[in-house]
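Order as written gives the chain letters A, B, C, D and E; numbering starts at 1 within each chain.
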Amino acid sequence: MSNDTLTHSVTFTEAPAALTVVVDPTPQIARGSAVIVERRRPKAAGWSLLQGLGVVVDHWRKSFRKLDDPTQIAGTFTTEYPEERLPLPEAYRNMPILLFDDATGHELCTSCFQCQRICPPQVIHMTQAKDPETGKPVPAVSEFIIEYDACMSCGFCAEVCPFDAIKMDHDFELSTANHPSLTVHKAGLLRPVSYYQSIAPTFWAEAEASAYKKLEANKKRRPASIGIAPQMIEQVKAAHELRDDQQEADSPPAPVAIAPALDAGRAATPATASAAPAASDGDLPTDKAARLAAIRARNEAKKAAEQAAPAQAQPAAEGAATALTTPDAPLTDALPAASERTAPPAPATPDAPLDEKAARLAAIRARNAAKKAAQAEEE
Amino acid sequence: MITTDELQINIGPQHPSTHGVFRMLLTVDGETVVHLEPVFGYLHRNHEQLAEVNTYLQNMPYTDRLDYFNSMANNHAYALAVEKLAGIEVPERAEYIRVLMVELTRILNHAGALGFMINDMGAWQTPLAFGIREREKILDLFELVSGARMMCNYFRFGGVVRDIPDEFIPRMKKLMIAMPAYMDELERLLRENEILLARSEGIGILPREVAVSYGVTGPVLRGSGIAYDIRKAEPYSIYDRFDFDVPVGSVGDVYDRFLVRIEEMRQSRRILEQIIEQLPDASGGHINPKARQNVRPPVGDAYARVESPKGELGFYLVSDGGTKPYRYKVRAPSFINLTPLGDMCRGYKVADIVVILGSIDIVMGEVDR
Amino acid sequence: MISAVPLEWVLILASGLFCVGLFGALSRRHAVSMLMGIELMLNAVNINLVAFWRYTQPDEVGGMIFALFVIVVAAAEAAVGLAMAIAIYRTWQTVNVDSVDSLRG
Amino acid sequence: MYDVVDFLLNTQLGLNSPDWVVMLISHLVVVGMLFAVAPLQVLFLTYYERRAIARMQDRVGPNRVGYEGLLQPVADGVKMFTKEDIVPDSADKIVHLLAPIVAAAPVLYMFAVLPWGPNMIAVDLPTGLLFFFAISSISTVGLLMAGWASNNKFALLGAMRAVAQVVSYEIPALLSLLFAVMFAGSMSLMAIVEAQGGLFISTTDVPSVPDLGLGWFVFTPVGFLAFVCFFIAALAEGERTPFDIPEADSEIVAGYMTEYSGMKFAMFYLAQYILNFLLCAITATIFFGGWQGPGVAWLVSQSLSADNPAGNPVYNVLAGMLGTFYLLAKTYMFFFVMVALRGAFPRLRIDQLMNFGWKFLIPLTMINILSAALWIAITRWGTAQGFGIIEFAGEPGNLVRWVIAFAVTLVINVAAYWFLARLNVQDHAARQAALTAGGLAVSPPRSA
Amino acid sequence: MDLVVQIMFGVTGLLILGAAFMVVSVRNIIHAALWLITCFFGIAMLYLLLQAEFLAIVQILLYIGAVAVLVLFAVMLTRQIDDPDEPVLFQRWRSTLLITAILFAAVLVPTIYNHNWLIFADPQPAFAGPRELGFAFMNAYLLPFQIAAVLLLAALVGAIIIAMEDQEQRRVRVLTLAEEVALRGEREPSPPTRPANPQPASSSSNPTPPPAPEQAGEGA
């Protein structure tokens, strides 16, 4: 910068180098021109002040109604936040979450490390699960940590995930006085697929479609290999069974092709759980865990109710949800307790409900049964 | 009138009107500024060095944080630089979406910048609230397409991350109706306002030659009377397809910058109208399918620049053939425009310097990097 | 007031104030302090004027008028005196009247 | 109030208490009432301002604490009073402590001379108007003390600005009010209000107009110009936008209040809002008839008084209530204008403020005094005063005189406004030309 | 009743004298000015006791609102570094004290007590409100009134001229950027705004060489 001649001293004797720049102020501009802005003068002294006052008072007058039409510029445009909420677009992204299948409880993550690699602030940490017997790594994740406090919500992890296992949540009310609780472990990250489906239906449909496409391609190319997350297969199959039948009448039915993969996935789950630290739910604030449990329960209940009696689905689901959020049904407490009870004697009998996931599954089933009973009672 | 001592005053780093953590070391004689020394660097966070240990794609969200008012424009400049370096083609629809976002960003920025400037003049937030109201509508659109309001991270090499949803264009058209009403109202509120005239006319004059010698760009340069707009001077992207004018000032004071910004918002709206007309309907054309996100550009360097709302924003990248840039340099308009502040403020009153600072329109995230 | 407080008390109060003001005007080194002393003296005079008006001629306004003139003169004196103090400060960078001694041989 | 206390003590209770006891008790009761009114007004004013300005900015404003946020100022007050009181280490501790008291106490005195309704005034001083401004000038000392004792450059700068501004705008404020003293022939605020009966034409000028309490001084050209000038000066005295220079947060943080926190800060805040309220009230009193309004005169005529022993005391109460309602309605209207100004305008710079005050406002108010004198001469004088040019006797004569006075003063005032505005604009343009001298080296670019 | 008045007079007198004593003795000049204000306030109270209500208000308006504020202002404008070693009083302040004490004790008090004052016999409440004063100013005291007005004007002009600094000198000291550029333009002929040999049309779309990106790096 040649600003040494432009300091505040007024003794300038040497030729100011800065000022010899030759400037052409009139460029030839293609399509359009340079216009000089008009420096207006007020027409009469004080008039423009009254005009400005008029604008403000006009806004005051009009602000007693809400600004709901975006073509308008007057009216209250704020929202009363806790009561009123703006609808969040599907694309909204806040913090990453992990998905698991509602029905089976299978996590979609295969610990491929793509997200950990792409994460710009490097807040994703994961440990691949190992088969307890052979010690070989299996495509599942035993621990998954995201530091929410350092996450910058860029959404790259969700973008790169080939198994649609990690998605961006819409929950933005994360503020807490407990800073360590923002280092979220796997148990805190897991959400059912139906939860994500409820916040971003189109996006999930797209994900399903592309997963199905991949599956189809794999079916043709390498029928027995794990092309997509094994846990996805059931899901995808269920969603596309109808279309599948209509489109490709001559192709072999999907279950045949994916059966080995499915088995592999099933085999992996006990291993996952045995390696997992038992009570990671303990790190979560209890209200959050309770909310999560409530969502899960509601999904479960809804599904069950739909199967049982479609007409009474809604009240039943609500009833179940309220029942589960009350302290009388401490599901969240039951979960770690169950896993704690069963996990320490590590690779015990394989058919027992050893792991956390299985425990949860059992809990879900128990819940369903309880709810059905409650429903029956109501009737 | 009455002689007093020369007094040293620190305005900032914690001060309501320094737009972030910025310090102005003032030497005042009474209320007249004798000398002003801008001190910055309080927000330095090693942006450029950090970029050299990240991959090209990983840097994209960091550019959002440079000038957090205009993340789309920052994304655009960086994407252009990487595309230039790696030779990535951008589909036509993606180009249109990009320009659409960037011009919306320009309106958003100017609405905010004018509001903040007038807030510094002492108007108790009304022009700012009006600006924020319009900005809010635009941010809703950004949220719709990118998922975030400010840190959009929307651009990718070879296009944008996802196509605009169906409801975008209808909402956009509604917004286009509100924009001129907002601008007219702002002018009615302030353009001829005698207090604003008294506070801005003849204040902070940046003569044309001095502006050029400092390398000032953007509305500040155009306010000083030079019709230099990169969209015209070196049309990047598809800017050669649109009709729009370049507003310039005649004196180079705060008032000219104010007027230039209002006029630029109108011109941006003109561009948006043309985009809505011309937007090619190619589904899936939002990104070049061949473009890999994990780019590995050939050895070489590239400099790409855009007309960000604040001025010329340039990214200079050197590649050593790896996945990470060997050198990454940002030419930040706020920083360059801030350098003549000391000269611009000299001889004016203490109350004027906050207005002059507001009229330059800086974001400290970009200045300190 | 008249019955309770004799005129002499008021006059003594005024003369005491005058003496304090005189002492201040004569012995303070700060130019503005000297002005304050003079203000005190003028106020003492004013008290006298008002007291005489109240005790001797309450049916006429002469005493009040004189007091008002004194206030006017005091205001003018304060304005000019302070302007001088500022001028002295500008020239000598001090308001200590001791230091303003450029006429001393 | 004296009558009420006298009635209660001596007639009802039969205490036979001496005169001074009754007087003391009645004054204490009035003082207690006013002392309770002042903070309540401030509480409501802050709420009112925040809600109104929020509406102007398309927001809602505070609406959480209590019904529609009505308890928000109380919550703010509780917060302020429970905050830690921080005194800077290098501050002058005693002066720092005294400053808010000196700033806040005088404004409470100003309630003493404000007429709330017919016969509702704490002290009807014959020099009420002068008292009002004399007392208000004490609080500038408090500001100066605050600025100096804080030992902070911003605080000192803010205090200097505040004092320079308040002292120089007291002159146009007082000069613009002189016309009311001339019209009413008294400095007593009660007399000024009582002179404003009538219907667009004051009963003091034309006694035959129906007394609907609408003969406000603002309906005369003299009064209107004075109103504009006084309101501008009041904005400067109350440190309101566009003259809130002493506490310009974008320049000097919070001015003289920078180093204050908690309760002391609340005292400054209190002082400022009471002052604003009182300035609005005095504007209403002097230009808009104070408690005068349709119905008050009739109620007063029906009420019990020394002249009308057959009156009903209920009407006394009703007249008082209606008068207070009118006064408060007018006051809040003016406060709304203050809020709207705050919402709409940037603030001036200190030198521009001084220029405006000394070069525009003071000459204008002086010319307005000339107009006022002409008004008095035309409407009231006759041959007895050596002003026999207009000889109209009787009722139509008064009206004709009024019309002539109206026309003459209107012409003078409009011409003065136009002339002074023009002078100032030219002056401004000349200074602008000097300022932009170098910038004009920028020759306008040619459009392609 | 008399006792009450006497007590009030005593309190007021003590306030006045005590404050005046603080004015001349306190070290800090700002504190002295604040004591001066206290003293003025006490004098206003005394005026109220003397039933000079109008004068009391004028005392507050002019002395506290104007003169004292002016004094404070002047003190703050002439910032003096407080040197604790420097004495606030002249070297011979003891002799001054002696002289004033003698003046008070030997001259003023005996004179006051030895003179036979013509006290107005009838203690009726006197009244001199603004109306009476106005009539007096416009009739009997018209000439002094005019002279006082002229004096005030003279003082106003004089004060401004004494305190004002040479405008030219000041303008030269701090020039704005625009003024500086204009001044340079006068000293030497300004460079041609158009280049001597016009650029070819093809390159004219890029009028100014854009600042090189490295330029920014130097500043950082």
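Following the convention adopted for this analysis, contacts are C-beta pairs under 8 Å (C-beta built on N, C-alpha and C of every residue); 3 or more make two chains touch, one makes a residue touch a chain.
All figures in this text were calculated on a predicted structure; none of them were measured in a lab.
The greatest centre-to-centre distance from subunit E, using averaged C-alpha positions, is reached by A. Comparing the CA-atom centres of all chains against that of subunit B, the greatest distance is found for C.
No other two chains have as many C-beta pairs in contact as C-E. With each centre defined as the average position of its C-alpha atoms, the distance from subunit C to subunit E rounds to 15 Å.
Note: centroid distance subunit B to subunit D, computed from Cα atoms, is 45 Å. One simple way to say how far apart two chains are is to compare their mean CA positions; for subunit A and subunit C this gives 81 Å. Rounded to whole angstrom units, the spacing between the C-alpha centres of subunit D and subunit E is 25. The multi-chain contact residues of subunit E, meaning those touching 2 or more other chains, are 54, 58, 66, 73, 77, 163, 165, 173-181, 193, 205-208, 215, 219. Chain contacts: subunit A has residues 1, 6, 8, 19, 23, 25-30, 33-36, 45-46, 49, 52, 55-56, 67, 77 touching two or more partner chains.
Residues of subunit B found to touch two or more other chains are 2-3, 34, 126, 130, 133, 189, 193, 195, 201, 205-210, 212, 215, 225-228, 232-233, 248-252, 339-340, 343, 346. Interface of subunit D with subunit B (complex): residues 53, 56-59, 153-154, 157, 241-242, 244-245, 248-253, 342-352, 428, 431-432, 435-436, 438-445. Touching subunit A in their complex are the following residues of subunit B: 34-35, 54-55, 57-62, 126, 130, 133-134, 136-137, 140, 143-148, 151, 153, 161-162, 165, 171, 174-175, 177-178, 181-182, 185, 188-195, 197, 201, 208-210, 212-215, 225-228, 232-233, 235, 240, 242-251, 255-256, 259-260, 262-263, 293, 339-340, 342-343, 346. Only residues 1-5, 7-13, 15-24, 26-30, 32-33, 35-37, 39-40, 43, 46-47, 50-51, 53-59, 61-62, 64-65, 67-69, 71-80, 82-87, 89-90, 94-96, 98 of subunit C touch subunit E when the two sit together in their complex. For subunit B in complex with subunit D, the residues that touch the partner chain are 7, 9, 15-17, 31, 118-126, 129-130, 133, 189, 193, 195-196, 198-199, 201-203, 205-209, 224-227, 248-253, 349-352, 354.
Across the complex, subunit E is touched by residues 1-5, 29, 32-34, 205-207, 209-210, 212, 215, 217, 226-228, 230, 232-234, 252, 303, 305, 312, 314, 316, 329-332, 335-336, 339-340, 343-344, 346-348, 369 of subunit B.
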